[in-house]
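The block underneath contains the structure these notes are about, expressed in structure tokens.
Note that the chains take the letters A, B, C, D, E, F, G and H in the order they are written out, and that residue 1 is the start of every chain.
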Amino acid sequence: MRSYEKYFRMNRLPHIWCPGCGNGIVMKSIAKAAEQLGLDQDNTVIVSGIGCSSRASGYMNFDTLHTAHGRAIPFATGIKLANPKLKVIVITGDGDCTAIGGNHFIHGARRNIDLTVILFNNNIYGMTGGQASPLTPTGKKATTAPFGSVDTAFDPCELAKAAGASYIARGTAFHAKPLVDLIAQGISNNGFSLVEAITQCPISYGRRNKMGDAAGMLKWMSENAVPLAAYEKLAEEQKGDKFPIGVLYQKTAPEYSAEYAKVIKLAQGGK
Amino acid sequence: MSQARLMQGNEACAEGAMAAGVNFFGGYPITPSTEIAEIMAKELPALGGTFIQMEDEIAGIAVVLGAALAGRKALTATSGPGFSLKQELIGYGCIAEIPLVIANVQRMGPATGQPTSPAQGDVMQARWGTHGDHPMIALSPWTVRESFDVAVMAVNYAERFRTPVIILLDEVVGHMREKVVLPKAEDIEIYPRRKPNCTREEGYKPYTPMADLVPNPADFGTGHHIHVTGLIHDETGFPTGSSKVTEDTIQRLHQKISRVQDEITHYDEFFMEDAEYAVLTYGGTARTAYAAVKMARQQGIKVGMVRLMTIWPFADKVIKKVAQKVKKILVPEMNYGQLVLEVERAAAGQAAVISLPKYNTEIFTPKEICTAIEELATEVVK
Amino acid sequence: MGIEITTLKERCKGCNICAAFCPKKILAMDTLGKVYVTDEKACINCGQCELRCPDYAIYVEKKVEK
Amino acid sequence: MQQIRLCGSGGQGVITAAIILAEAAIMEGKESVQSQSYGPEARGGASKAEVIISEEFIYHPKVVTPDVVLALTQQAADKYSADLCDNGVLVIDEDLVPDSPEHPNVIKVPLTRLAVEGLGKDLFTNIVSLGLLVKVTGVVSFETIQKSVAKRVPPATIEKNMQALRIGFDALA
Amino acid sequence: MSQARLMQGNEACAEGAMAAGVNFFGGYPITPSTEIAEIMAKELPALGGTFIQMEDEIAGIAVVLGAALAGRKALTATSGPGFSLKQELIGYGCIAEIPLVIANVQRMGPATGQPTSPAQGDVMQARWGTHGDHPMIALSPWTVRESFDVAVMAVNYAERFRTPVIILLDEVVGHMREKVVLPKAEDIEIYPRRKPNCTREEGYKPYTPMADLVPNPADFGTGHHIHVTGLIHDETGFPTGSSKVTEDTIQRLHQKISRVQDEITHYDEFFMEDAEYAVLTYGGTARTAYAAVKMARQQGIKVGMVRLMTIWPFADKVIKKVAQKVKKILVPEMNYGQLVLEVERAAAGQAAVISLPKYNTEIFTPKEICTAIEELATEVVK
Amino acid sequence: MRSYEKYFRMNRLPHIWCPGCGNGIVMKSIAKAAEQLGLDQDNTVIVSGIGCSSRASGYMNFDTLHTAHGRAIPFATGIKLANPKLKVIVITGDGDCTAIGGNHFIHGARRNIDLTVILFNNNIYGMTGGQASPLTPTGKKATTAPFGSVDTAFDPCELAKAAGASYIARGTAFHAKPLVDLIAQGISNNGFSLVEAITQCPISYGRRNKMGDAAGMLKWMSENAVPLAAYEKLAEEQKGDKFPIGVLYQKTAPEYSAEYAKVIKLAQGGK
Amino acid sequence: MQQIRLCGSGGQGVITAAIILAEAAIMEGKESVQSQSYGPEARGGASKAEVIISEEFIYHPKVVTPDVVLALTQQAADKYSADLCDNGVLVIDEDLVPDSPEHPNVIKVPLTRLAVEGLGKDLFTNIVSLGLLVKVTGVVSFETIQKSVAKRVPPATIEKNMQALRIGFDALA
Amino acid sequence: MGIEITTLKERCKGCNICAAFCPKKILAMDTLGKVYVTDEKACINCGQCELRCPDYAIYVEKKVEK
């Protein structure tokens, strides 16, 4: 019906996500980014972990891999290194990426290997019914944080930057159109790219934290997401729940599979 | 390649893997398996292959699974603690049917244990370490040359059955050096990567079993747009909750291997023609057992020896035959008594099964095993 | 030249996002919890519903008269 | 069958020496098995390398009763010479093993000192030791051990290593 | 506490653990075990206890081992994939002799498998999942009330033997709710934390075994300055390469449990007095087996049932006795046939052992098992 | 012989480290810091992972715990939470902390739990004989990087900061005296503290990379370590191999065990 | 023994209803087992809750042949009513299960609509259903189910829930 | 008031660090690879050797005349 839908496995829809779940919106942004870039379906692989968001791989019309909880990045690393001409996109949840998968996340970034990680951040473990994740804000309730989370949340973008990623962006399910561009740029970057997509889980997160329904959660995003330039101008006391979106960081750095190709050349007697 | 040379077991294992087509290694260092990684790091680039040291053992197996899906023949190597960490993803390899070879150079556990001491303490773990029902192939060499052969075989079985295969080395064989003559490259049979039998347009389903019950999933990047998951899935590769499909799948995973169990059960018999007693042995211990059996024979004791190279699937039939023939079976192992449990089970009361465990950082001496054989021959079966 | 709104009931999960964001308030849920259009003519083709539907269950298009 | 054990501390190269000896045996068409073990402490501590040489396939891979033990440190000598029987030979570095274990046949040679004095570096102690071992055991010919050393060591150091071998070989008249 | 109420198996497990003194929980969520964590998160703070959700299952067991060393009675809970990840540190608990309880609410594997489907597929893994030689205690309840009792017992055994104890729940028992009457708090026997038998000055050695072969390592923070390691260590707790100490240690770890094996082998017998056939069963499956045995009895088939609560150490003696008594033993399990291997081994040919595996996402129906019993009674032993 | 030696288990010395290994120097700095703070030996626990450096726990006269490779921080977390009055110090190597233990490292920092992590950074896996670690500089050789490492190294201090640590310092084995103060301050900080101690592994790293003997490696440190303030004034092209030492970052932030104590209070009906 | 199955989709509260029913049975001194299953897809999909009530201990914990199936969605009705035998009863939400499975005893009640109309929220559908179930099965008394509901629901909502029960109970004359 | 240098041979591993950093160059290694003092009187008690010894094998102290 829409041209970008060729990037979906239409026969697998409707997807399994709950009514109002933002995952569908983010997944559409990926498809649109693929269309925008004219990605070759035969030479693109989508790799995901385990979680609601990670079910996305099954709906995307590429070679797709639904790995184990937390392990998408090292599987993806193997695919990329085995066949460096492949574009590899990783779909992951906040728990998948920053809890159990945290180590792989920072090491992927360190190597600056050419993967594009789309982090579906709904601030919760959706799949297992609402336990706190490392991205659940302090004070928010979760089934494992019935008194409100005492943990401080990561800023996954800061973490990726400190670890060595070369492209870092944040978008939201509300800002669906700019999200497409952020993803497309991430895929174009020859190195480790992180796109954090803030998305709503009305069922396991919103409901417990009285954040309204899906539409209400989307509205919250529209009110609190601020383009980076504007965000930087905010006074500390104006910041509150607000957070920056857009391209947050970018650099040029050696890409792992290219560097390794040099080793091969060297070992084979080339220079 | 076909000249006599001194070679280490780990080295032979690495060379064997490369000879069988392995051109990808991912892993994490751990004694006494590290030489395998180090050799790969040095030799793979020249072959156009890829070595990567990952952040931990989990990533070490994940990267190899990924590489295998993208067309490479891939190896990881580890030892006890790392083998434990890899367990979850070994199961992933089983259910997603990914060819994968894991060398576990056993060291003494549990936990950090006695890091440089030899042991055969991961034998049962190799079978049962991951959760859920799954078959397992594990091969244990007893010589350096056989480390090479077993590596070739492991890679071939992984490809043929599309399943993880474990090379169960022990520190004895892994770290010793001995004279070997390797086969010529052209004499090494290589099982090629299985290929899709039809195109997407022709209705290709990546997990449709072929006549040998093994499917032919396409390599990523070959235009088939397949989906691979660790959930139970149907022939299309997509998850299903169907109880029929679930049952069929678990059954097929087991049967693709059990149907050819005899063919992949490799073992040797020595002095068994007239044997009244048998020593059942494997791995490094078998070398000592052989010396002991010869000593005992010199004393006139009618003892033979059965040496298993295929540890899993377990050689039930072989043991049953032996149990029918001999009065007693002695099972020396560098552990608290592990494979002896399987021998006991398979013997089903037909012969007495005697465990000879050793778990004190040292390997058996021929004398120790010989003494145990002497006891077999003098004691009356209770 | 009017606007045509297509809804795919088998995909719609009745989450109400489209209705909440529709500036013309012409979308609503039926008893089975599926979206329906109360007044197609009022649609201004702003695309909000299609943009925000997480289930690809609603599409808006200019009707091309044939 | 000849069972030979070399022992010392981590950096002294006894494993390399054992490998070279085993390779020499193979060059002469014999069977050979080489193995080693470290103490449980990965760092420091005594380390031991063994070589078995035989005309037939060697099953049990470790030395049961050594024919020769060569020890380069006191700790190693104490730890690894106990199973030497009376007709075996104990070879020690006389400077580094001041306190020789009791044994009827002890050969004392200042191996490290010979290396330092003859070649300027204790790095060659293991090769000096090899020369001596060949002399003591006759398990391979001097020519073969020369070939074997030449194959293993960096080309630039071949000459010095040949000298080292010779020094060791000649240390015992 | 002693009133009839509706309770879930997982809930009873959590309540039992707390009743036995658990005041620390660390873990990582995974269906179908998550309720245990959730209950702990809610209830522990009010008891002055501590709940922490860790970054993964490895950290989930590590944090609990740390807490146990610092004096807490501690629990972690998980399911298949998480259980696989915890294996390395389960071995750590064995060798460092740390009291530790792990609830594994089994789900269908391997890998992600069939996440919400019941299974008993981790039975062998519970015994052999970690590398190296180690003993294991694993208990499997069949009712909600027994989930409570087993949790109490697991905590007590962990303290008494200073070893990891596994509660092998399955999804059936873990997720079902039934009427229970819990024991009064004062009726629950609690094994207290073992205490050092002398002071540092008096030459206290934390790993000196007491008469029961179990040592009394001091809790951290009590002034004993002890050292704990995952390396093989002597009585002082410091690593040693001694082969004597190594042998003694591995042996003692096994014997501290095997010496009281009869005492900790819990099982029930039903209708066994005149039985010619027996059903050997455990966990959720035992409920259905009971219904089936009653159905078969109504048809006049002389069939009895033995229900194991203690899965590990395996009830060899019980099985041997049963095998001597009956002609055939049927072993229904929600897996491809796991514990049946142990039954076969222990039966040693004295009775025919028949596996009745089920691995299709569904639990047995009474009819299915009853039919298998009927077949036992009609078929002739081959 | 020296007053700080009461913090050693004298009967366990000499230690197992190789001749010239810097671990002994760093370990002495810990003992001296303990003395400086007058740490109560009964209420201090030392926790280590696996590696050469992690053997240090066995030589320190406290309750000590030698865990599994990479897992010192979660074990330490359990100890601290079980008994918050204990001071808990973690000794770890670069591989232990940032390779296999990377996830625990960032999560410890995120929680800002009161642990002091002393990272013995010798840029290599010492224990296993010289494989590359995530802190091996690009281009350096290791047994698993025979052609020189193609990986980019982490800056563990940056990583800890991005993850949420509240005290971060770097010292070297050469700067043995200031290292004592850096460690003492770390222990005093009520939150997650990282002290990265650059140390020499002449055997598995220096030798392979032609960095001279132990003394030579110490001299390299003396030449390249620059106090933070001075380092910041260096022009990019002056930096070369130079790296900043001293307290690199400090902040006040809620500490995990204290925050959890509030939950207990709340649950028990307090406010 | 009574075997009762409630089914619907994720958010409809069938599990809570089943729990309340099981608790009611216990209040009356009976044995009761409650269980549930979700489809393999964690999200969405049909969910099912079962209650068995008996005078004796209940061994096999799942419904073998249901006496009553109450279905709140078409998908659930299709999936979970097949094993209902002819003397069982099928209760469906007549709006949400437009296409009733073939069965001799089908009771059609607009349960969701009753909840919305009577109480303003479809949230109460499960309690309305409970009321109806008690009427249909008589497995516990109306008083007991009232007590049981009151024990489970938030105090502020007790009154509304009592109304809901009553609406369901009265829906069938 | 002289300086006393104590060396603990059983701890010394002969790493040479002390010798390399001794400003007076009065430390050296013996045949067994253990440190020894060539000229104790020349010692200026700078403490470099003690500070840098990784093995706690050398201590320098002002001799207190009793």
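Heads up, the rule we're going with is that a contact is a pair of C-beta atoms (placed from the backbone, for glycine too) under 8 Å apart; a residue touches a chain by one contact, two chains touch by 3 or more.
Please read these numbers as outputs of a predicted model, since none were measured by experiment.
By the document's definition of touch, common neighbours of chain C and chain E comprise A, G. Greatest Cα centroid separation from chain B: this falls to C. Taking each chain's centre as the average of its CA atoms, chain A and chain B sit 38 Å apart.
We define each chain's centre as the mean of its Cα atoms; on that basis chain B and chain C are separated by 59 Å. In this assembly, the C-alpha centroid of chain B lies 29 Å from the C-alpha centroid of chain E.
Centroids of chain D and chain H (each the mean of its C-alpha atoms) stand 34 Å apart. Residue positions 17-18, 21, 50, 68, 100, 102-103, 107, 134, 147, 260, 263, 266-267 of chain A each touch two or more of the other chains.
Contact with two or more other chains is made by residues 13 of chain C.
Listed for chain G are residues 39-42, 44, each touching two or more other chains. Of all the residues in chain E, the ones that touch chain G in their complex are 4-6, 31, 114-117, 172, 175-179, 284, 287-288, 290-291, 294, 361, 363, 365-367.
Considering their complex, residues 24, 26, 45-46, 48-50, 52, 54-56, 58-60, 62-72, 74, 88-89, 92, 218, 220-231, 238-239 of chain B touch chain A.
In the complex of the two chains, the chain F residues touching chain H come out as 1-2, 5, 8, 13-15, 17-25, 28, 173-174, 176-177, 202, 213-216, 218.
The touching residues of chain G, counted against chain E in their complex, run 19, 22-23, 26, 29-40, 42, 58-62, 64.
Across the interface of their complex, chain E is touched by residues 58, 80-81, 83-85, 87-89, 91-92, 94-96, 106, 108-115, 117, 119, 121-122, 124-125, 127-134, 229-232, 241, 243-244, 246-247, 250-251, 254, 335-336, 338, 341-342, 344-345, 347-350, 359-362 of chain B.
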